[in-house]
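What follows is a set of structures to go through.
Shared between the two complexes below is chain A, which has chain B as its partner in the first and chain C in the second.
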Partner chain A sequence: MNMVNLTINNRAVSVPEGTSILHAAKETGITIPNLCYHPDQEVKANCRVCVVEVEGAKTLQAACATSVKEGMVVRTNTKKVRDSRKVVIELLLANHDMNCPSCSKNNHCGLQEIAANLGVRESRFQNVLEEQEIDTSSPSIVRNQNKCIKCGRCIQMCNQVQGLAILDYIGRSDSAQVKPAFGWYLADVACVACGQCSVVCPVAAITEKEDIEQVWEAINNPNKTVVVQTAPAVRVSLGEEFGMEPGEIVTGKLVASLRTLGFDKIFDTDFTADLTIIEEGHELLQRIQEGGTLPMLTSCSPGWINFIEQYYPELLAHVSSCKSPQQMFGALAKGYYAQKIGVDPQDIFSVSIMPCTAKKFEADRDEMSVDGENPDVDVVLTTRELAKMLRQAGVDFNKLEEEEYDAPFGLSTGAAVIFGATGGVMEAALRTVYEVVTGKTLESLDFKAVRGLEGIKEAEVDLDGTIVKVAVAHSLSNARKVMELIKSGKAEYAFIEIMCCPGGCIGGGGQPFGGTDELRLKRIEATYRADTELPIRKSHENPAIKKLYEEFLGEPLGEISHHLLHTHYHSRKH
Partner chain B sequence: MQVKDALDKYGRSPDKLIGAMLAYQNSTPCNYLTEDDIREFAKETGLPESRVHSVASFYSLLSTKPRGKYIVQVCYDVPCYVNDSLNLVKELERMLKAKMGETTEDGLFTLEYSSCLGCCDKAPAMQIGENLYGSLTKEKLSDILTEYRRKRHE
Partner chain C sequence: MSELIYRLLTKNFNQIDPGSIDDYVTRGGYLSLKKALKMKDMEIIDEIKASGLKGRGGAAFPTGLKMEAVKMAEGSPKYIICNADEGEPGNFKDRYLMENDPHQVIEGMVICAIATGIRFGYIFIRGEYVKSQKIMETALEQARGKGFLGENILNTGFNFDIDIYTGAGSYVCGEEFALLVTIEGKSGRATYKPPFPTTMGLYDKPTQINNVETFCTIPHIIELGGTGFGKIGTASSKGTKLVCLSGNVKRPGLYEVPFGTTVRQVIYDLGGGVPNNRTIKMVQLGGASGPILPDEMLDVAIDFDEMRKNDLTFGSGAIIVMDERIDVLDILKRIVQFFHHESCGKCTPCREGLTQLLILIDRFIEGTASMQDLSLMNILMDTMTNSSICGLGQAAPTAVRKALEYFPEEFTSRISNHVAAAM
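Moving on to the complex of A and B:
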């Protein structure tokens, strides 16, 4: 690797050829502010906040888009640079809804942070914002054009990672806006509600739909038994909201924090993840043995379900009939637990903490109601919303002592934890299917071929002489490739796991902001660490699951399972 | 002309989109692309609707709003500006009884700004369709508009 020598603010620095000034400065401990730049995206260089002085250049240069050169002399902190950055921020603020204190991204906003760091005290320009209607049509995400700084991060995410191209620029220059085609509402276009746009938005132009107040109301209502479930991916990301290093496992503190907030019972979605493996594993075996539609596709990820319903409905027969772990939990909470504790199901208020915005859409679906009237999951909060709730309640998350989940839906296995990472559902299923089919004990539980951030992964498993091929895809651009493969008849797989978001649920649209691969890898590493730290690592060995079948469900794919735990999806093609 | 005809002529790859849309638009009576047109371009080319709409709304030669038979585009850049293009616009607005961006009541003219037309030596300048007019004065404007009003019946 060729190294390039340059000076930044009179300090010598040597970095590999091709490095941008932005990254070279970071090496020397200088943070150059930026808004449109995102490490996993193409350089856009449209916000002009990262400008620096380069000796010999006539104009200020964008640090994100300028590669270092031998002997380059860069200054990042001259009056000219500071003034220029200030003007850029002031111009953005002049076309911005500046209700910072009541903004949902207050204290988490890139624009606010840079304005504060630059010492912008007033905007010299008159505010020219022409206020537009806020798009609240989606049950998952809110699009507020009045906050948009037109950086284009969401457009790149939606187009290149998800391959959907729901959002793009309309118009040009100062009248440009970021919207769905023809300015339609999100609910009226083929958006899958994944919320990946919200993860990369530096401001509050796209955020999750906040449902916190409903939860406070339920907690404060003495007639309601408020139960909460926590998704696998939340325990490896929530700590980030409270200043912990990415990849910290905070399961015990998460439980304690929920109890502090006043939830009556703290349960784990991991329990129903184990249950999903039992049901889905048996469904797979049934399809293989009875000549059902193969490859079978997983059904846990609601963004993915939204995708196949709207883009590939002709392949819906491939989708497992299993509800997602969230919805299995909801159905059990109202269709089993209520009876067990002698409470009217109507007085159970079921909340879930999810890394996901599409889960809000899923909970809202007509199919997801045991009694046909009340939703099985009343409210879905994202990881970010839980963090907000904890801040509202003044909970010092770091100081909490670790606590345990409540019975009977608190016991789970390592197989359930890894649902949070791409490949995890597949690995969990293989651990169970192998042992159920062969009657042998797996020597190694780690199916490393299905782990990691590669877009599409493949593996083969020898089930007593029968070789079963499986595949794993994450992010919808990869899902699309797999769907085309199935349509062409070239997919020789028995089972395919598909997750809507890059990295799986740990990279979900409801997770703490950032959305970089670096962050995803740390959360994935923590996920597999949590797996190995658990005493039981196979779903079919979970004693609480065994008991549930003995006491209530009977057998996998049985009549009660069919009623509570399975469903069918339908074409919603536009 | 149909959308398909334009694409057959220009090709269906992304780089041919602008030419095809322009040719199609110029063949329509109101000089613009409807939502349905844009959707059809997207379907035929395999490009996302949002992208095709983005392109159609970006270039000033393309319009997503109905326009007159003749598009009067006045240069908005500096050399024309210092040569009094502002008063030229005022005069045009008076003569056409339409503000900048609007279409005349008879549907004949739409008044628009344009980026530099490349004839700064004849500033102030404007173009109507493919015809360029420079060194403009009030008198010249009147003659030009009269000419087009006469031409409409041809």
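Moving on to the complex of A and C:
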């Protein structure tokens, strides 16, 4: 690698050729403020906050877009630079809804942070914001144009990672806005509600739809038994909200925090993830044995389901009929647990803590109701919303003692934990399918070929002489490639796992802000660590699952399962 | 008057029928192309370098160096683009060149293609220039028919063809990157550089992009030789310049002058001065993005070095004369409104800055401005010039800035008395 020597603020630095000034400055301990830059995205260079002086250049240069050159002389803190950055921030503030204290991103806002760091105390410019209607049409995502700074991060995410292009610039000059085509509502376009846009938005222009108040109401209602489930991916990310290093496993604190908030029963979605493996594994075997539609596609990711229903409905027969773990849990909570504890199902209030915004949409679906009237999952909160609730209640998350989940839906396995990472559902399924089919014990439980951030992964499993090919894809641009492969008849797989979000649920649209690959890898690493730390690592060995079948469900794919745990999907093509 | 005019690029104007390739050929047209076909590619580039030709679109980059960079750049196919998206208010030279002598444009482009080994080019013509588009279409067809363009040019085995692409009238598409992405089918927004089009242009391939007038100069360089051509003009600025004279002058129009001619000579000796013997209030050079000068600055020569020494730019060649009846702030407001309308909205300083600049100018017009507004306006304009992503935002405040320099009393006299007294 060729090294390039330059000076930044009179300090010599040597960095690899092709490094941007932004990164070179970081090497010297200088953080250059920026808003539109995102480490996993193409350089946009439109916010103009990161400008620096480069000797010999007539104008200031965007540090994100300028590569270092041998002998370059860079100054990041001259009067010219400071004045310019300040004016740029003031210009943004002058066209921004500045009700910061009541903003859902207060204290988590890139614009606010830079303004504070630069010492901007007011905008000297006249506020020119023309207030626009806030788009609350989606059950998952809220788009507030009044906060948008037009940085384009959401556009790139939607366009390049998810391959959807729901958002783009409309208009020019100060009429330029980021919106769906023709300025339509989110609910009226083929948005999949994945919320990836909200993860990369530096301000509060795109956020999850906040449902916290409904949960407080239920908790405060003495007639309601409030049960809560926590998704696998939440335990490896929630700590970030409270200053912990990414990749900390906070399962015990998570349970304690929910109990502190007043939830009556703290359950684990991991339990129904194990259940999903039993049902889905048997469905796969049935399809293989009886000549059903193959490859079978997983169904746990609601953003992915929204995608196939809207973009590839002709392939819906490939999708497993299993409900997602969230919805299996919801169905059991109201269709089984209520009866078990002698409570009217209507008095069960079922909450789920999810890394996901699309889960809000899923819980809202007409099919997801065992009595046909009330939703099985009443409210879905994202990881971010749970953190907000904890802050509202003044809970010092770091100080909490670890606690255990409640019975009977608190016991789960390592196979369920890894549902949170791309490849995890596949690996969990293989652990069970192998042993059910062959009757042998797996020597190594780790299917490493399906792990990691590569967009599309493949593996082969030898089921007693029968070679089964499987594939794993995450993010919808990769899902689209797999769909095209299936349509062309070239997909020789029996089973394909698809997760909507990059990295899987650990990179979900409801996770703490940031959304870089670096962060995702740390959460993934924690996920597999959590797996190895658990005493049981195969879903079919979960004693609580065995008991559930003995006591209630009977057999996998049986009559009760069919009613409670399976569903169907339909075309919603635009 | 006559010695001021130097007819090189305009020598065929009113002498030929622009719809007739034969007329062009009869007056020596395409001889330079034939000559170039016999030259080695680097010889052509060397002649252009020796001529000292600098781009006529406003940036004044040496054309020979640009061609050499494109030739040396890795990547294929490469493209030649003629920027005929003449959107700068006060400029009409490219339209005149295309409508009066279309084959001169084509000949220049083909010669460049021979030198750089490029096989395909576009002429990007401003959407409103419908007549230019038609004339160029006809000329391209005729040139193909006569073997000057297309497959196997003049039986030499060299292939080069040109397509016309028309914009939808957006000013920013004259900016080279916005122009390029438009051809790619994207919306016309500027992007950061480097990399420059010479290495990463159309479809990320090396691209030579030049102004119409630059391409029109090429055949004359080949005809006269680089050194011969270099005898016209001044030490820093070789050849002739087309000047678009408009506003309060007796004879507005297009004039071709050798570099070194002063602005005052153009206005008075060629344009006949201001009607009714009115005095000049100010002159804007280059177009809406150019500086505003008072009468006493008009002896500045049209010369890249001299302009730079005086912290001026000549842009693509407009001289807009405004007489004593014209209100400076009224003109500035119109200019800022123009940029506000045409900003692509991509970068913060331009998108938000122009809105605020308009508000501040309005305060001066209404007499409600304060001293703080004056300093805020200055720091805002500095930010726009220093930090905008492309030339549009960088140049948009030029007129206001220069007006502040040369006509400060127009601003200070309108500062609200109450506040001014308190200062």
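By definition in this document, the second predicted complex is superposed on the first by the 574 of 574 C-alpha atoms of A that agree within 3 Å, B and C clash if a C-alpha of one lies under 4 Å from a C-alpha of the other, contacts with A are read in each partner's own complex, and residues count from 1 in each chain.
Assume a contact is a pair of C-beta atoms (placed from the backbone, for glycine too) under 8 Å apart; a residue touches a chain by one contact, two chains touch by 3 or more.
These numbers come from a predicted model, not from an experiment.
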Q: With the two complexes overlaid on their shared chain, look at chain A and say whether chain B and chain C clash or fit.
A: clash
Q) Which holds for A:N159: it touches chain B only (first), chain C only (second), both, or neither? A) first
(Q) Under the stated touch criterion, which partner chain does A:R48 make contact with: chain B (first), chain C (second), both, or neither? (A) second
Q: Identify which of chain B and chain C touches the larger number of residues of chain A.
A: C
Q) Where does A:R172 make contact in the superposed view: on chain B (first), on chain C (second), on both, or on neither? A) both
Q.
Touch test for A:R124: chain B only (first), chain C only (second), both, or neither?
A. second
(Q) By the touch definition at the top of the document, which applies to A:P180: first (chain B), second (chain C), both, or neither? (A) first
Q.
Going by the clash criterion at the top, which of the stretches 5-13, 23-31 or 77-85 from chain B hits chain C after superposition?
A. 77-85
Q.
I'd like to check the shared interface: which positions of chain A are touched by both chain B and chain C across the two complexes?
A. 169, 171-172
Q) Okay, in this complex, where on chain B does chain A touch? A) 35, 38, 48-54, 57-59
**Q.** For the chain C and chain A complex, residues of the former touching the latter
**A.** 170, 187, 189, 191-192, 194, 340-349, 351-356, 359, 372, 376, 379-380, 382-383, 385-389, 394
Q: Report the residues of chain A in contact with chain C in the complex, numbered from low to high.
A: 43, 45-49, 51, 59-60, 62, 65-67, 80, 83-84, 87-88, 91-92, 94-95, 124-126, 128, 149-150, 169, 171-176
**Q.** Partner chain B, residues of chain A touching it in the complex
**A.** 159, 164-172, 180-182
